[in-house]
Each structure stands twice: as C-alpha cells, then as structure tokens.
Amino acid sequence: MDKIVNQKAWFLVLPVFLVVAFSAILPLMTVVNYSMQDTFGNNQFFWNGVGWFKELLDPSTDLGGRFLASLGRNLLFSAIILTIQVPLGIVVALSMPREGWSVAACLVILALPLLIPWNVVGTIWQIFGRPDIGLLGYTLNSLGIDYNYVSNDFDAWVTVIVMDVWHWTSLVALLCYAGLKSIPDAYYQAAQIDGASRWAVFRAIQLPKMNRVLLIAVLLRFMDSFMIYTEPFVVTGGGPGNSTTFVSIELVKIALGQFDLGKAAALSLVYNLIILIVCWVFYTVMTNAGAERKAAPESEAALEPKPAAGLKPVGVLKPKEGVA
Amino acid sequence: MARIDLVDLAHSYGGNAAPPESFALKPVTMTWRQGGAYALLGPSGCGKTTLLNLISGIVTPSRGKILFNGKDITPLSTQKRNIAQVFQFPVIYDTMTVGQNLAFPLNNRGVPKAEVEARVRQIADLLDLTPYLKRKATRLTADAKQKISLGRGLVRSDVAAVLFDEPLTVIDPELKWQLRSKLKALHRELDLTMIYVTHDQTEALTFADTVVVMHDGRVVQSGTPAELFDKPAHTFVGYFIGSPGMNIVPAEVSGREARIDGHVISLRRNYGVLPAGKKIEIGVRPEFVDVSPPTPGLLSATIERIDDLGRIQFARVRVGDAKFAARVPPGFTASGNSAGLIFDPAHVHVYADSHLVEGGA
Amino acid sequence: MHSIPGRRVIMALFLIFLLLPIYWLVNMSFKTNSEIVSTMTLWPHTPTLQHYRRIFTDESWYSGYINSLEYVVLNTVISISVALPAAYAFSRYRFLGDKHLFFWLLSNRMAPAAVYALPFFNLYSAIGLFDTPWAVALAHCIFNVPLAVWILEGFVSGVPREIDETAFLDGYSFPRFFIKILVPLIASGIGVAAFFCFMFSWVELLLARTLTSVQAKPIAAIMTRTVSAAGMDWGLLAAAGVLTIIPGALVIWFVRNYIARGFALGRV
C-alpha cells in the first residue's frame, strides 16, 4: 500500500525528534566545539582548528599512534568475533529442538547472557578465568596449560573473545532461529520430494531464507563489537599493557581519565564517522533488500509481523500459509 | 506412471487409538487408474489434504495401505515414492534461476549433466518457461512460479503421479483459466496420473475425469462430473455441486409418488415402501424444476425473488416451509407472487438419511 | 529436515557453555570468602547467605538496585510513549524528510556510548539533572527511542489501514482512535519493544556510571566498591552479580513465548 503524503505527520514525530535531538544534537555540538580547541584545565580553551584531527591520523604522534593501534586491534577483534559467532550462531539455531517445552527452555537459556549487565558479564569472566579462584583458569592450569589473562597478551585476547562469544552468540542464534521459523513446511516437503540432501536443503532453502536476519546479525555484531567497552574493561582493563585496549577504552581514558577534551572530542568524531558510514551502508543494503522483497510478493509476508488476532486480512490467504 | 490403490486407508492425527469418529480420514478403499485425472473435492476440513499427504508420504497413515502398481509403498519415504507435488503456495528456491530450479531434482539424483540439460529444456518448452530459464525465479509472477513447481515434478522421467494441493489459490482469476487448460493439455500429452485437491467445484469439474467428493473425512461419491450432477449419491454432493445446489425437501414417498405439502409429485421409478424411521427427502436440481403461471394440478408456490444469472434465470420460491430454486423458462412473466412448479420426474431422486435410494422399475 | 544431525549434543554443549560461568558465579555467592580463596570447590561446602544478607540490609547496596530499576522503568516508559505516535507516522504517511529522519534516528542507535559520555556529563550537569534517574533515563533514550520506533513501526504496518479508515468514519477522533483501537491491536508489539528497551537500558553501564555519583548510582557501578583495602570481597561481588541477573531472567521468563517473534521482526 502506498503511503499518503501528509506533512502533519511531523507533529506525531515531533516528540521523538525532540527527545533524541536533546540527547544527540546538543552533545554532538559540544563535541564538535571541543574538537577544535585545546584546554589546559580551569575551563580555559584555545582555538586549535583541525590540529587534533591531523594528529589523530598521523601514526607518529602520541594521539595518532594510540588511536590507530586501538583501531587496528578493534578491527581484528571484530573480524575474529564475526568469523566465530556467525557460523556458530547458525549451527546453534539449526540445533534448536522442534517443539515442546524444551524449545522454551532453550530460548530462555540462550537469551540469558543478553540480559546480564555488561559489567557483570565482565565480572563473571574475570572470576571464571582466574587461575586461583575461577573454574576455567584453575582447570586449564591444572591441566598444565599456563593460562593467565592478567599477564599474557594471548590469554587476555582469548578470554575477551570467548567472553564475547559467550555473551553474544545467542543473539545471532535467536535471529537465525526466527528466520528458520518463518520457512513454511511446504518448502521442506518440496525439497524432500525433489530428493534434496540435508546439505542441499541448507543451501537451497535455509540459507537464502535466513539472508535478511543474517545481514542484520552481521551488522549488529560488527557495530557492537566495534564499540565494545565495558566487558574487556572489567576483565583486563585494556591490558596487559595496551594489548586489549579497544577504541572505546582509549577514548574513555583520554576523555574521563586525562580530561583531554579536545583530543577526546576529535577521536569521538572520527570514531562516530566510521560507525556512521558502516551504518549507512547497512541501511542502504537493507532498504534495497526491502525493495526487492516488495518486488517478490511471495516472500513479503515472511518477516512482517502478522496482523493482530481477529484482524486477519479478508482474502484467500489462510493465516497459516500467509507466512509463505 | 502408476495405478494407485488405496486399501482400507485411514488416518487420525490423534493416533490409531482415537475414536473412529474423530479420524481425519475414515477408512477408504478405491482404485485410481494409471493416466487418470482425479479431483478430490470438498470443503475445508473434509480430509482431502490429509488423503493427498498420505499419498505423497508427508503423513504416514494410521491404518491401511497404499499401492503403486500393486506394490505396497506405505512404508517408503516421500523421496522414494517418485511423486511430484505442487503446493498451495508456490515453492521455489529463491537463489536459483528458473533453469537451476528445474534441474534441482535431477542434480540431487546425480543424473548426468547433458541429460539434465535436455530434460530441463524439454520441460521448459512444455510449460512455456523457456524465455525465463536464465532469470531469477523470485522475480516471476505467482503463476509462473507454480509452473516452476510443477516443472520440478515433471522433469523427472519416472514420476508415478503428480499431486496438486489447491494450486490455483494464489493465482489471479484471469490466469486461473489459462493455467487450468495448460494442466489439462499436459495431462493429455504426458499420460500421467494426476490428483488434484480443491474446494472449488468449477476447478474440479473442468480438470478431472473422475471427481471424488469428500465430506467429513469420508468419500461420499466418486464419479464423472456428469454422474455427480445427474445422480448425486448423497445429499451433500447434490448440495455442494451445482449452483445453485440441489433442492432437497422432506417428503413422503411411496411407490411412484412423492408427497410434498399435500401435493403429489410423480416419480420415474418405483420406491415401494421405504423403511420407517429414516429421514426421507427428495432432491431435484433447480435446472429440472420450472416455474409456470399458477395452474390447478401443479404444486403452488410463492415467488420470493428472481436471480438473473445472465443466460439463465432462477426463481427463489417457497412451498409451505420449504424453499426451492427453480428455473424460469424463457417467456415466463410473473403475475403477482404465485406460481406453479413443474417437475421433471426423470430427475427427481429420493434420499433416505441423506443417501440415495435406488428405485425399482 | 529442519535440524541437523547431532543437534542434541551441539545444543547441550552450547547450553553448558552458557550456564557454566553463571553457575560459577552463583556457586561463589554462597561460599564464604575463606572458602573461595583457600580451596577450589565445585559447590559450596559451607554454604552461607552472609553476602546476600549484607546486600539486603545495607542501604548503600540495595538502593543501587532501586536506582537501576528506577531509571530503566522511566526510560522504557518515555521511549514507548514518544515512539508510538512516531511509529504510526512512519508507517502510514510520507512527509518531508521522513527517510532522512528515520536514518538519523537509527544512526543514533549505532553511536558508541563512549562518544557521548563526556558531553552528556557536561549537559546534564549544566541543567541540574546530574545524579538523578532522569539523566540516565534520558541518556538511554538515545538508543532506545530509535529502537522502539523501529520495532513498533513494523507492528503498526501489520495493522491494515482499513481499520484506521473505519474508525475515522465511525467518528473517532485521532487520540481516541489511537488509545482505544490502535494501542490494543499492537499490544504484543508494545510488549516486545518494552522488553528490548528494558534490556538495553538494564545492561548499559558506561553512561549510567558517568551520569551518576551518589544519589542515583546504579547497582552495576556500586559493585566496583568491593575492591577494598583488605583485597577483593569476592563473595559479595558474586552475590551482587547474581542479583543483577535475576531481573533479566524474570523478564525473559515472562516473554519467553514472544522472544522468537520479537526477533523474527529482524528489527533488534
């Protein structure tokens, strides 16, 4: 259905606009303002133009070096996270029980890590991985593996990655599960009649139908892992050395630790810009995928919410098959 | 290519222990010949889809056997039964082109490449899909998608039967007719056994040479469209087939006479004395009852309204408490509301407890 | 056909992987500190409730939970109530700048909290909201409002437009239609949106910690106090951690039948 052009709709959007503008535009203006200035404390500011930005992108300066190093670490971290979580999430989704109470049980346990405050996630793994009092650290060490995330870079990375897998794989799995659930039985029956193997069913039906949710999962996971702060901060504090200092951790160090407002603001802007660009690409791809779905009416209903009970559109489509 | 025998076949979703009345499909035994076009016709929930799923192997029967060419295939999986099925909603593999879709069942079975190509070309020609072979299947219209699902079945040279589960539901009305004729033509050309499930009598009557009417989990009649029309074996068939449906009115029947509202209608056959305690009704299609100006000796009725269906007009009339639909012969002009009804005795049937009673000579 | 060979084993292993660290936290919360430090025990040998007792009796501890719940609930209410009309507008109408506005809203969902920490600190200090639940609730709106708009828009689009038209023909005013007809129809959507607002506000710490100091300090921030001169109070930390998991677990339990559907919108 085509939407009606109605400028009065702005009145309906106004509250959202005001709330978000208050929380986003005002602070952002402050950031832009700071990013062009230098301060020596006491609220005295000096005009610095684009100086901070130049420094930020020059690896030979202190600021630039720190920024680019943390950016590199962050990209590596995001890449590892995606290569582990996406396939694992798909496998877990495919392993979901079919029906009965166990479905609800699995869903609840899967969702559990998602609702734990992020610093508590950090705390859980901080404790779990300690060689003296944590089950994981203790077991590894008694097996003869010298594991200590406080002193060894590699161990710290492994801990942070396993923690993130623990924390967020469920999100990918739940998204994929939702995608799988929207596949009508007729597809499986047709594949059976066509003599498709298990792998062919995955390739020809399940993967294509999960396309959209997978795209969402990949981008959410990329962005959230790119912004990660709390969990590694609690576990490793960015260490040992700077080995697990990601961009957000660096930023908070500069902003709230050193109160170096100009540098922090410039870093914020560049950081935000990177994420904004990725977000824009994401949005464009999604909208195009949406347009494609409109062109293919058959699959359109798949990811749209069903109308509320009692409001099924009158027509030949029975509600059950309506999700074809 | 196969003859299909159903032997005492029954199914209950509640398992075999469920009470017989709750079975989704009550025991049925029948034979479908090789190369026949069959329609399973009935309202939603009558068991027709259950029967289809039993034949395709998606559902395993609680009781009974299914034979293909005399061989018991009940325990076989869908894959091994060599059937093709077209579902209510088009099932196509989104990421593949039309050609890849058609080749999918053959590739899965390890058919040599050259043969796959030849087969796909042949079937695409047959279904007028050749221009689309290289196109992504997602972009096509619903009727083209249904043709692809059908094509995936036909592409295999060994299909025993092609099953259709209300395949025209999502097709635009003007295309329905086209696709139906296409199916009919394919049926003649390929000599395949086809089984077509629908709740639409027009679809069933135009497609099939044998229509199996189902009601409440039971097969109530199986016959040619003409048989179903002329001699419904059950009042449900009379009512469900034909538009408007058969007139069914309570009557007293003895010998060659039926009595409605005190008026006597003569019958073609002799029914003797019917067993007491059964609900006796007579059924006559509106096409075989004419309204005429009120005349002594005719059953008198009150005209409530006249429906003009274009080529033919039907009058809705009332006789006592009973309602009738009757043909309005050309040239008839109503004078007031009252009219007489003329019955064609050859087409008046007698039903006892909804089942047809065969009269004697 | 739906699932893969060995699925039971895979699922079981994954669930164990998820539950083991949580079990360890729960296990530790029932141990005495001397048991934690001295020996490695798989379950509490001398179970104690002392840590929980301490949290429930010490106001500086339990007020943290109240503070957290206060801003989470506040945020959820604000987010849903401003997002509802906007979701309706985005779903039904085209207007000047609608697409850009939508993208701008979503881009805020993607903004790193670390970027906003400092400016928020300045902003809320300047208007005197610093160290109140309002500061955190409003700050969390930056990612929850766009999310709520996004989810609710999907649900509103699922309501046929004929419903609106019929209601207006029947003489319903817009606000009355909105409250009497639309809101009940998308009740489950509001539930899903509220669930996600609750979730994201509950788990966020960076902003919550930055915008509070004493009065409105969230429990997650109070937990860092367990580091004291006498070393870590591990048992207390574990107990506090367990208590932060419970609200989330309760919420999941209530919405368990809607989780898959909420995710099915693909709009998280």
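By letter and in written order, the chains are A, B and C; residue numbering begins at 1 in each of them.
To be clear about the criterion, contacts are C-beta pairs under 8 Å (C-beta built on N, C-alpha and C of every residue); 3 or more make two chains touch, one makes a residue touch a chain.
Computed from a prediction, not measured in an experiment: that's the story for all the values here.
**Student:** I need the chain pair with the most C-beta contacts, please.
**Tutor:** Greatest number of C-beta pairs in contact occurs for A-C.
**Student:** If you average the Cα atoms per chain, which one ends up farthest from chain A?
**Tutor:** Computed centres place B farthest from chain A.
**Student:** Any idea how many Å lie between the Cα centroids of chain B and chain C?
**Tutor:** Chain centres of chain B and chain C, defined by C-alpha means, are spaced 56 Å apart.
**Student:** Return the distance between the CA-based centres of chain A and chain C, expressed in whole Å.
**Tutor:** So the centroids are 15 Å from each other.
**Student:** Could you pull out the residues of chain A that touch at least 2 other chains?
**Tutor:** Touching at least two other chains: 192.
**Student:** Which of the residues in chain A end up touching chain C in this complex?
**Tutor:** Listed in rising order, the residues of chain A that touch chain C are 1, 3-10, 12-13, 15-17, 19-20, 22-24, 26-28, 30-31, 91-92, 94-98, 104, 106-120, 123-125, 127-128, 132-136, 138, 166, 169-171, 174-175, 177-182, 188, 191-192, 198, 201, 212-213, 216, 220, 223, 226-227, 229-230, 247-248, 251-252, 255-256, 261, 264-265, 268, 271-272, 275-276, 278-280, 283, 303-308, 311, 313.
**Student:** Mind listing the chain A positions that touch chain B in their complex?
**Tutor:** Its residues touching chain B are 184, 186-187, 189-190, 192-197, 200, 204-205, 207-209, 292, 295-299, 316-317, 321, 324.
**Student:** Once bound in the complex, which stretches of chain C touch chain A?
**Tutor:** 1-8, 10-11, 14-15, 17-22, 24-25, 28, 36-37, 40, 42, 78, 81-83, 85-86, 88-90, 92-96, 98, 101, 103, 105-108, 110-120, 122-123, 138-139, 141-142, 145-146, 149, 154-155, 157-161, 163, 185-189, 199, 202-206, 210, 220-221, 223-224, 234, 237-238, 241, 244-245, 247-249, 251-253, 256-257, 259-261, 263-268
**Student:** Per the contact definition, I'd like the list of chain B residues that touch chain A in the complex.
**Tutor:** Residue list for chain B touching chain A: 56, 58, 77-79, 83-85, 87-96, 104-105, 108-109, 138-139, 142, 145, 149, 152-153, 169-170.
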